[in-house]
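Note that the chains take the letters A, B, C and D in the order they are written out, and that residue 1 is the start of every chain.
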Amino acid sequence: MVKAGIIGATGYAGNEIVRLLLGHKDVEIKWFGSRSYIDQQYADIYQNFFKLVDAKCMDDNMAALADEVDVIFTATPQGLCASLINEEILSKCKVIDLSADFRIKDVKKYEKWYGIEHKSPQFIEEAVYGLCEINREDIRKARLIANPGCYPTCSTLSIYPLLKEGLIDPNTIIIDAKSGTSGAGRGAKVPNLYCEVNESIKAYGVATHRHTPEIEDQLGYACGQEVMINFTPHLVPMNRGILVTAYASLTKDVTYEEVKAAYDKYYKDEFFVRVLNKDVCPQTRNVEGSNFVDVNFKIDPRTKRVIMMGAIDNLVKGAAGQAVQNMNLMFGFDENEGLKQIPMCP
Amino acid sequence: MVKAGIIGATGYAGNEIVRLLLGHKDVEIKWFGSRSYIDQQYADIYQNFFKLVDAKCMDDNMAALADEVDVIFTATPQGLCASLINEEILSKCKVIDLSADFRIKDVKKYEKWYGIEHKSPQFIEEAVYGLCEINREDIRKARLIANPGCYPTCSTLSIYPLLKEGLIDPNTIIIDAKSGTSGAGRGAKVPNLYCEVNESIKAYGVATHRHTPEIEDQLGYACGQEVMINFTPHLVPMNRGILVTAYASLTKDVTYEEVKAAYDKYYKDEFFVRVLNKDVCPQTRNVEGSNFVDVNFKIDPRTKRVIMMGAIDNLVKGAAGQAVQNMNLMFGFDENEGLKQIPMCP
Amino acid sequence: MVKAGIIGATGYAGNEIVRLLLGHKDVEIKWFGSRSYIDQQYADIYQNFFKLVDAKCMDDNMAALADEVDVIFTATPQGLCASLINEEILSKCKVIDLSADFRIKDVKKYEKWYGIEHKSPQFIEEAVYGLCEINREDIRKARLIANPGCYPTCSTLSIYPLLKEGLIDPNTIIIDAKSGTSGAGRGAKVPNLYCEVNESIKAYGVATHRHTPEIEDQLGYACGQEVMINFTPHLVPMNRGILVTAYASLTKDVTYEEVKAAYDKYYKDEFFVRVLNKDVCPQTRNVEGSNFVDVNFKIDPRTKRVIMMGAIDNLVKGAAGQAVQNMNLMFGFDENEGLKQIPMCP
Amino acid sequence: MVKAGIIGATGYAGNEIVRLLLGHKDVEIKWFGSRSYIDQQYADIYQNFFKLVDAKCMDDNMAALADEVDVIFTATPQGLCASLINEEILSKCKVIDLSADFRIKDVKKYEKWYGIEHKSPQFIEEAVYGLCEINREDIRKARLIANPGCYPTCSTLSIYPLLKEGLIDPNTIIIDAKSGTSGAGRGAKVPNLYCEVNESIKAYGVATHRHTPEIEDQLGYACGQEVMINFTPHLVPMNRGILVTAYASLTKDVTYEEVKAAYDKYYKDEFFVRVLNKDVCPQTRNVEGSNFVDVNFKIDPRTKRVIMMGAIDNLVKGAAGQAVQNMNLMFGFDENEGLKQIPMCP
């Protein structure tokens, strides 16, 4: 049995890692880290785990934790993982960081967009960006995984095949994304109250959201040139789910079959990516609770643009599920072990 | 592998049976019955199953189905199962009926509350009421299971221990229940439209709901006398979940510990029933997607009443999950095989 | 023009007073009190008022305010109004207190249920309980109004006629109430976050909720004897609305017409109380945004109980609307001036 | 008093016209047309109007209606108004058509996008497109108003000033729109059921939605050239509200102040259009229940694009409210008479 520790276990992403690992046949959780709730029963904080988890919340002493476990998940605010990690820890156990600390290779870019100093730039190069469908082989050998952001996961997987195949112009990409409210975290803030979110929709972080450079980096790797996009996230009154609607100009006249072939080329053997049937639009309910990514596209012959769409559960493929998928690759388990949850609908 | 057929696979309960059986290691689904969608791909109706189910919808020919499978689930409107079933079918395979056809032992009572003639009264006596926690041994030997209604499941399990132990007066029981909208089914009716349900709550079927006699029967068996209750269901703007708040007068002065002991007496070894810690109120989100029943109680020394509360997922423990639990008992599988889903929260 | 000041203008009830008074032809708001947001533009806090309110938030200096306005609304936590009020203030202007400070005549009962010391017990006797349909004449002459709680308003109006007419046994009353989330206020607390409330329902404050003695007092006045009830509130995933489902044993055999006549006796000339047609259940959507109270009942001949139901918008008739209705009475305006909003549906 | 008749009074838009006209001091409703509910009490269909409307539903005999009223609102499916209208009717009363029948000047374009034959092309030229902020003077003199679609209203008003001022390139406009579910109407269809919409988001009508040519026409008029856009609507789990997020390339380097000045040039005297403060994103909750349009923008200097955002209540400014605003102009009333509802929040 692989032993796992979670730092930040009482956030929504941490709680989801717990849900998934409890159903994983080869892993046991040894450490439920939560600075805010130290010494409280974990199942008192998340009562869905009543009678299923009998453990108290621990502090976030990563060095101590490294002696006890084989893998550490950090589901914590930006900067914490970078401030705790060191060579000794990495020599003892694998680390999967769900924060943004190691996602962006250019430390200056990270510091500019996140507004904080990076405390461990020496590990940035080594860290592998854990988008399994694209970086699978590197992930298998990694000690440190930068688990992708929720929006970047959904955006990149929706756009990747067309960009890689040169079917769209990188300079025309516009991503309009919509997220459920769990993406805003469990902090007690007025804008996240039920009555502030319910029965409303709004954009936020317009032209400034921190996931922008992460998406641009990944799209840039795909097409071999620098990419600058517009990315606009929206807050939707639902618990879970991210929907991406992306627009780009086609580089040439293409048929449905040609574009479909591009998606199939990259995804036909992927368990978690489902390229939907013609004219079926992805909707978040069809992936809820699962690690699936539903993608599809529509060619608009009038404007010579293509509309690319993708849907994920932000807490699963957008966070905890992808983290477990990364862990599976790193430890040689079946890639979908513990991740076969079927989307729950309604 | 046990072979299963589902009649009514495109209703919400049928769809949930599919979700659960796909994760059951000893069962394969051979028949997705749906009169409304014959010959259409099942995964086109429920796109959450895209790439997971490759089968077309079939008719509801129960006789033909009986030759092909070991167990039939009927998730159909009242009257259908009773109109199709016969001795030959029952001699070939087991039947788990999710409708009300075989729940009520007094056929006259059934016909009065449901307003239809019962077509197979000869099987009523044989049918076992599939509330596993109470009728486990009979279920193991049954050919025909009357799978309990959603409200009766939650109501009975919330009240049973105190009634069985004589701690409450049967004539004072009032059950105020609240249900998510999936309980109303997938029929295209104006009152179930999003804009009719959202941002509102109402009672319905006041003093006339058909689950009333079913609950009264079960409570009557528990206390050995006839019971007459008030039962008021309410429609809540959420997909899943039933919450029962039940009131009864205590028959004597009791302490918290005494009442707790009554619950523990019946439920301490039950995997699916969780008696919560003192003063923790059940909430439906903590059982969502799972087969758990969360129960608790509060003594009001001022009025000498006890408030009993229970929460289930109406589609799981209130329908499909309990059906699978019954199947597990009937076929000698572990009772929780395929039913270990951890509640998903948020 | 009557000049009004609001202490606590940035809570949900305060915000609703603003909405209503802006549409009141005889009132202008002179003071938007909000300790948390002093010197910020009120319309920056509640952007629905952008271009409609051009004023900054002020402190809660009630003495200074009394010099500037004719009426003060206090939409503040328990204890604040009692700590600020004094004879001088009351000699200068009228006060409508939306907190519980002056609702309960027995100061010991108040202090026990609220757990705080009452700072101005000398005004309790003078204060008039502002349930307009019942205490109209006293309200007209009052200096200090105790604006009723949301649950007590809906509960009392639903039950009052039957209790007053002796049709139900006061000792058997059980009130099961359901509220939208705005009733929990705008405080930044984890349990009120969108993802904690959405897709769930739960009871809270079981057998201990502070509105219990207030309801008991009012019901007691109606029947002329002490009343002890069970009151159980529930949190519902919607913004607005309270639904009360109340149960009581009938004191004699009665027909639908007799019970209907009891309701009509008290409500037939009431603008805001709508006794619905036979078998129509109140639902909160039908009163949303309005000051209406929809009530109805159902006799259960089997159990000889009656189920009484009522629906209000908790922020309007349950708080701000009733406060304005009280103000209208106190200043001699038409009782429904500024309160003719038609329920918005959907 | 102006006498009004409504054909299609039991749809959501028709119901909203009723709500608004009941609060209009110069109008009385004489005809509640609803083919589906003839002879039923209108307040039985929409119980929010209980005790407020005492009238039965009538048929859709437009000729008979024209003899009785001064203005007819048709809130009906595409094609109905065009099939009923004639010169005699228009000579007797004014007609405000909420369907798309007279919005598009090119009848071939209409017939292609809507897939039906236009029965009254002779009135297309005369009909005035009722976007009051832009066509005010023509509306005052019109007999027949084509009331704008919900998406076109919000899209056009969000983009108009920048296009008119030449600040954006018409060929780069992409509109990503999000709508509450009331926009889908009150028809009993499975995709509009609560459990199908709740907890999900999806795009629909991608590259094919019928509002596309209407938006293109209006934007074309603004910039004096043909415009081709991408328009993608999404279904959001909420009752009301449309949010538009539109993208376009700037034609030159501009400052915040310059773009703001363009909006102010067209909207500074408009009662219903609110240009929000810098960096405040429109959200639908801030306009709910009102006729306001909240717009704002954000310049992205990196991509040299501007993101334009707008929020309306789809049933008010997107349908019934704008219809009443048109009526006010046509009859010489104050433009905001009956439309001063303050947004209700939460």
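What we mean here is this: contacts are C-beta pairs under 8 Å (C-beta built on N, C-alpha and C of every residue); 3 or more make two chains touch, one makes a residue touch a chain.
All figures in this text were calculated on a predicted structure; none of them were measured in a lab.
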{"item": "Any chain in contact with chain C as well as chain D", "value": "A, B"}
{"item": "Taking each chain's C-alpha mean as its centre, the one farthest from chain C", "value": "A"}
{"item": "Whole-Å separation of chain centres (CA-atom averages), chain A against chain B", "value": "36"}
{"item": "Approximate Å spacing (C-alpha centroids) for the pair chain B, chain D", "value": "45"}
{"item": "Centre-to-centre distance between chain C and chain B (centres being mean Cα positions), rounded to whole Å", "value": "38"}
{"item": "Where chain A touches two or more other chains, by residue", "value": "12, 182, 195-196, 198-199, 237-240, 283, 285-286, 288, 346"}
{"item": "Chain C-facing residues of chain B, complex", "value": "174, 176, 178, 180, 195-196, 198-204, 206-207, 228-230, 232, 234, 236-241, 243, 245, 247, 281-286, 288, 298-300, 302-303, 305, 307, 309, 311, 346"}
{"item": "Residues of chain B defined as touching chain A within the complex", "value": "12, 15, 19, 22-23, 44, 46-52, 182, 199, 239-240, 274, 276-277, 280, 283, 285-290, 294, 340-346"}
{"item": "In the complex, chain A residues that touch chain C", "value": "12, 181-182, 186, 188-190, 192-199, 237-239"}
